[in-house]
Amino acid sequence: MGGAEALWHSMGIANMTWGQLLMMLVGCLLIYLAVAKKFEPLLLLPIGFGAILSNIPEAGIAEAGGLLYYVYSAGIETGIFPLLIFMGVGALTDFSALIAMPSTLFLGAAAQFGIFATLLGALTLNFIPGFNFSLADASAIAIIGGADGPTAIFLASRLAPDLLGAIAVAAYSYMALVPIIQPPIMRLLTTEKERNIVMSQLRPVSRLEKILFPFTVLLLCILFLPSAAPLIGMLMFGNILKEVGVVDRLSRAAQNEIINIVTIFLGLAVGSKLSADKFLTLDTLGILALGAVAFCIGTAAGVLMGKVMCKLTGGKVNPLIGAAGVSAVPMAARVVNKVGLESNHHNFLLMHAMGPNVAGVIGSAVAAGVLLALVGH
Amino acid sequence: MQVSNLLIEGVNLMLLGMGSVFIFLTVLVLAMSGVSYLAKTLFKDDPREKLASEMTLSPSANEGDEIIAVISAAISRYRAK
Amino acid sequence: MGGAEALWHSMGIANMTWGQLLMMLVGCLLIYLAVAKKFEPLLLLPIGFGAILSNIPEAGIAEAGGLLYYVYSAGIETGIFPLLIFMGVGALTDFSALIAMPSTLFLGAAAQFGIFATLLGALTLNFIPGFNFSLADASAIAIIGGADGPTAIFLASRLAPDLLGAIAVAAYSYMALVPIIQPPIMRLLTTEKERNIVMSQLRPVSRLEKILFPFTVLLLCILFLPSAAPLIGMLMFGNILKEVGVVDRLSRAAQNEIINIVTIFLGLAVGSKLSADKFLTLDTLGILALGAVAFCIGTAAGVLMGKVMCKLTGGKVNPLIGAAGVSAVPMAARVVNKVGLESNHHNFLLMHAMGPNVAGVIGSAVAAGVLLALVGH
Amino acid sequence: MQVSNLLIEGVNLMLLGMGSVFIFLTVLVLAMSGVSYLAKTLFKDDPREKLASEMTLSPSANEGDEIIAVISAAISRYRAK
Amino acid sequence: MGGAEALWHSMGIANMTWGQLLMMLVGCLLIYLAVAKKFEPLLLLPIGFGAILSNIPEAGIAEAGGLLYYVYSAGIETGIFPLLIFMGVGALTDFSALIAMPSTLFLGAAAQFGIFATLLGALTLNFIPGFNFSLADASAIAIIGGADGPTAIFLASRLAPDLLGAIAVAAYSYMALVPIIQPPIMRLLTTEKERNIVMSQLRPVSRLEKILFPFTVLLLCILFLPSAAPLIGMLMFGNILKEVGVVDRLSRAAQNEIINIVTIFLGLAVGSKLSADKFLTLDTLGILALGAVAFCIGTAAGVLMGKVMCKLTGGKVNPLIGAAGVSAVPMAARVVNKVGLESNHHNFLLMHAMGPNVAGVIGSAVAAGVLLALVGH
Amino acid sequence: MQVSNLLIEGVNLMLLGMGSVFIFLTVLVLAMSGVSYLAKTLFKDDPREKLASEMTLSPSANEGDEIIAVISAAISRYRAK
């Protein structure tokens, strides 16, 4: 009976490598974090499951002809999925807080220091034998500091596809860890008095301003940084669909059907890059370490810029909101609110933190554009 | 390329990058202030009212619903005769 | 610092051509018309935004490897998007008015004269130096007179892909201008007495008739005009999903998710054809001029046929409803209703105008089929 | 091809085209009348009632809901014992 | 006037073959069954319409460059559509009944005997001149006995693409005929006393068990049958989305948008394989005959295993629920409930039948995995 | 291949197939029982309560709604001052 033998040879237990087993455990860990700890479950759950599926021996789900291979080729390699996510994010985001207080853009700018510090960090790692990051690799890794998943995936798919799995996992994991990483840094760099600052209520924003805002951002992007136009263009397209109020059908499609469907497949496809040979390398350890550093530096840079703005405005700006400049919408803004409430039980900083928070999204897209323009062939 | 050369390129990239981000966002701050000023001077109405009117306006964008409403009205008037 | 120079060379202000700038302004104009004037916003907004995105210098969003390139290749070049829109339109359309009064099909037939008159017009333009429309080009342009966006895009993608941008923009723009173009023609060609005619109430239509209708249309299409079968087939498939009442899940998907998602991408992809070198040509001016003429002739032909039917029925048909024969659902029917109300405040023609209106959709699909059969290689 | 030849082709196309459209839609008018006649003679019931019954029927197409309803009923009867 | 002649030569009546006409009538029959008899309308209606569209002469809708050609290539040939349906089914299925009573898995196992008996039957048909089924063909045909449409389409697309149309039609038709095929067999093989057995209420199942269940199934699949991993993996992924309760957005997308959209296109694409030359063969007759036999044997095997379990448990298991082991969710479970109520008006077996019913889905996916592992290249 | 040889292969496949299906599902029965036992001993709370708490928990997964609620609360408190 050759059949029984053939069946045995097709079994997972007869073919599994240690690497595959380890990666499936990594997948399970991501799912556990997503479900039990609610760490970015919308992304980490599909990524974790994709990691399991793509490491099943003999099944070939992530190899040519398999489901995840098709999804990755069509959605990630082309850059389509992150751009559609950006359209959805634009259609879900209310930029009012930023429009009411444009100066918070400086906080969003400062927090991008995390990106460029990480870039240097990645290059410095090359002194350690075993690391060999090119400028393109280092740029793709650095964008983790932008705390924005789709931007990281888009840039990695362009500059360092081999590192995409590790970069995406690092980006989403640290975004999920924002409530743990940020508060100590925020407390360390601010005084009790600063954290107590109550900010004045934001002015109301007219509908016209809301409609003109995406066009303003897009215009500057066209004039000064076309390499960021795919990302910023789709973000602003989604926001226009939302704000004009005459295409509700399309706005709803961008906010729901499209972003939900794409999120499932984006997650699975990213997970399919968590193969043992690509992920279980020294590079991944370096990327995970750099990612943590990037978030800390970004947070610190945001808070320090907040202190500068506090000084310049004669104490009208609570420096805590600078921490929201790293992006990680809306988690970082909520963390700011929570840390603010610890010092003053009546001080709700959420609305003020939303400004730097969405500014951080624009800031990291701009940083991605600069890196693409200078490093992308 | 040597690591030290890479690092010099990296520092270069960092300066250019942070510079670009700050310049871009500074220009954006200026542009937004200009746009807000324009929006306010050109249309001096209360933005809150604007928001309210938007709420009542936007459903009309749903063409399907509108045509159904129109047809229903037409039918009911017919029947009322 | 070569980086700063490279960055400068990547900037839009250093690379923009006049043509790109102009096309972006055209895009802004389309968006303005969509938002401020509510001219077919569901299509003109994405088309306008697509025009802006695809003309950003150095960004390459509509070039090989860019988002809009992929969307255009997958959705328009293949003809898939217009066919899916037709499925959605079928699932949204109630053919009751047409079933109750089949003779209104003649109005839908007459209004297609606009198509064939435009065909002659396009060929006549060749006498002017600079114009050089082939028979295929002229046919694709002519279909603008059908006042049906998806049909125009489908035919243009088959017969004259280079003109697709201009044709689609002309088709949707004039569809949006129906409330301005039609009323003067309608008033000119009818007497006050004719406009006053009150039509008898339409008979109720049984569910069985509604189910059999799409099959009847499809059968005739199969027998006599298979080249129109993709368009009419998908239109009727959508309508069957709606009418049978046992596949509500699928009907809802066709009416909402699919048509909304496809509309966004169809619009962006059409916009991606608004590149300076393809759009800023003498051809486009010719197409825009011919489109306006086509609508006028189609409207006139419909109204004149309405007058014939009025005579033949001894004054039971209000000739105004002939104007709805151009398609442009449901705008043209509403225009008829409005013009009718001007003469008689109690005369609601909307339901009666819906007959020729949906007949116009079938009529222009039939005309497209004839053109495909005779001109398409 | 010369413009005049093209124009002759165009006129040809116009006649054929308008002819086809009219013939097709005329045949469709006849076919629809025939179908309506058939539908009426074969099924003489009031179409309005038909429509009403359809409305109450169609929700049952949603299998998911139905099975949930059936299961809920089954559970509640079990518990009621 | 060569145009009129060209038009005539393009007409359907001038080109139609008897085969095409017959296949269109088959399409109409499927639609009739779907609409009038409510036989699996969600699938049979699109399949029937796809059959009509793809047999229209000269239209080429299912040939290279046509809509259904693209849909088939992208969705069925790649195996993507059945896998997405499985994801949706997983997100719609509540496995509680199975978790509460794992022993019903044996009923789901026994009913798969229909598959392997059909395999032998298909090979035996080769004794009749004209039949020439390979082992791969026979395996693809056999899976009809699994009473699970997506599994049948997935396996057929892998093992016998030429037979896919006939296999899919047979699978869905017999699934629709379950209420007619099963009851006589169930009554024949059980005594009145057995049918009267009232089963004890199922124990409640904790949320944790529901979350761990899909991982348990997937783990065993990975260890012992990786060839079933695409099917079982996507089924369990959908179920995890549903059960974890932290990704409701994704769960809703899998349960609604994705499965509805895919169902439309899956149906149309399967219908596009109902071309005269592929379908009007002796093979199809053989497949239809074998399919009927497969369902009868599967039902009988399930009921007989039910009787064994009844004996072993001292009369605690009603053998009728064994019939639900063939899959055909949720139809087979409802048939069990109905036949049970005939004997005892207060005996609701629906919940108990749901156990073997969903076990049947897993069982036929396992059988498909075995066939793929042993017969697939 | 001869039909008789094919049939032998078929019988072979049948035995292997049914055997695999039964073995797989038997192992699954055992595994599920083990998992259920584990779940019960490790977490001894009433599963019904668990289910109830899940119902109240799950809506919080909808981040969009949550943030809107939080913002609304924040605004209303501001105004209440």
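The letters A, B, C, D, E and F name the chains in turn, as written, and every chain counts its residues from 1.
The criterion applied here is as follows: a residue touches a chain if its C-beta (ideal position, glycine included) is under 8 Å from a C-beta of that chain, and two chains touch if they have at least 3 such contacts.
What you see is a predicted model; the values in this text were computed from it and never measured.
Asker: Among all the other chains, which ones are in touch with both chain B and chain E?
Answerer: A, C
Asker: Show me the overlap between the contact partners of chain A and those of chain F.
Answerer: Where chain A and chain F share a partner, that partner set is E.
Asker: Going chain by chain, each one touching the next, work out the least steps from chain B to chain D.
Answerer: Graph distance in the chain contact network comes out at 2.
Asker: Would you mind reporting the rotation angle for the C-alpha fit of chain A onto chain E, rounded to the nearest 5 degrees?
Answerer: When the C-alpha atoms are superposed, chain A turns by 120 degrees onto chain E.
Asker: Compared with chain B, which chain's mean CA position is the farthest off?
Answerer: Chain centre farthest from chain B's centre: E.
Asker: Among all chains, whose Cα centre is located farthest from the one for chain D?
Answerer: Farthest by centroid: A.
Asker: Measuring centre to centre with CA averages, how many angstrom lie between chain C and chain F?
Answerer: Centre-to-centre distance between chain C and chain F: 48 Å.
Asker: Need the CA-centroid distance for the pair chain C / chain E, whole Å please.
Answerer: 41
Asker: If you average the Cα atoms of chain E and of chain F to get two centres, how far apart are those centres in Å?
Answerer: Roughly 22 Å separates the two chain centres.
Asker: Note the residues in chain F that touch 2 or more other chains, in rising order.
Answerer: Correct list: 13, 16, 20, 61.
Asker: Spell out, as numbers or ranges, the residues of chain A touching 2 or more other chains.
Answerer: Within chain A, the residues that touch at least two other chains are 3, 7, 38, 41-42, 224-225, 246-247, 249, 257, 370, 374.
Asker: How do the chains pair up in terms of touching? List each pair.
Answerer: Contact pairs between chains: A-B, A-C, A-E, A-F, B-C, C-D, C-E, D-E, E-F.
Asker: Under the stated contact criterion, what part of chain A meets chain B in this complex?
Answerer: Touching chain B from chain A are residues 99, 102-103, 105-106, 108-109, 112-113, 115-117, 119-120, 123-124, 126-127, 135, 138-139, 204-209, 212-213, 216-217, 219-220, 224-225, 245-249, 359, 362-363, 366-367, 370-371, 374-375.
Asker: Would you pull the chain A residues touching chain E in the complex into a rising list?
Answerer: Residue list for chain A touching chain E: 3, 6-7, 10-13, 15-16, 24, 28, 31, 34-35, 38, 41-42, 45-46, 49, 52-53, 56-59, 61, 65-67, 70, 256-257, 260-261, 263-264, 268.
Asker: Taking the complex as given, what residues does chain E use to touch chain D?
Answerer: Contact set of chain E toward chain D: 1, 3-4, 7, 38, 41-42, 92, 201, 330, 334, 337, 346, 348, 350-351, 354.
Asker: Inside the complex, what are the residues of chain F that reach chain A?
Answerer: Touch residues, chain F against chain A: 12-13, 16, 20, 61, 63-64, 67, 70-71, 74-75, 77-78.
Asker: Of all residues in chain A, which touch chain C in the complex?
Answerer: Result: residues 78-80, 83, 211, 215, 218, 222-227, 229-230, 233-234, 237, 240-241, 244, 246-247, 249-250, 252-254, 257-258, 370, 373-374 of chain A touch chain C.
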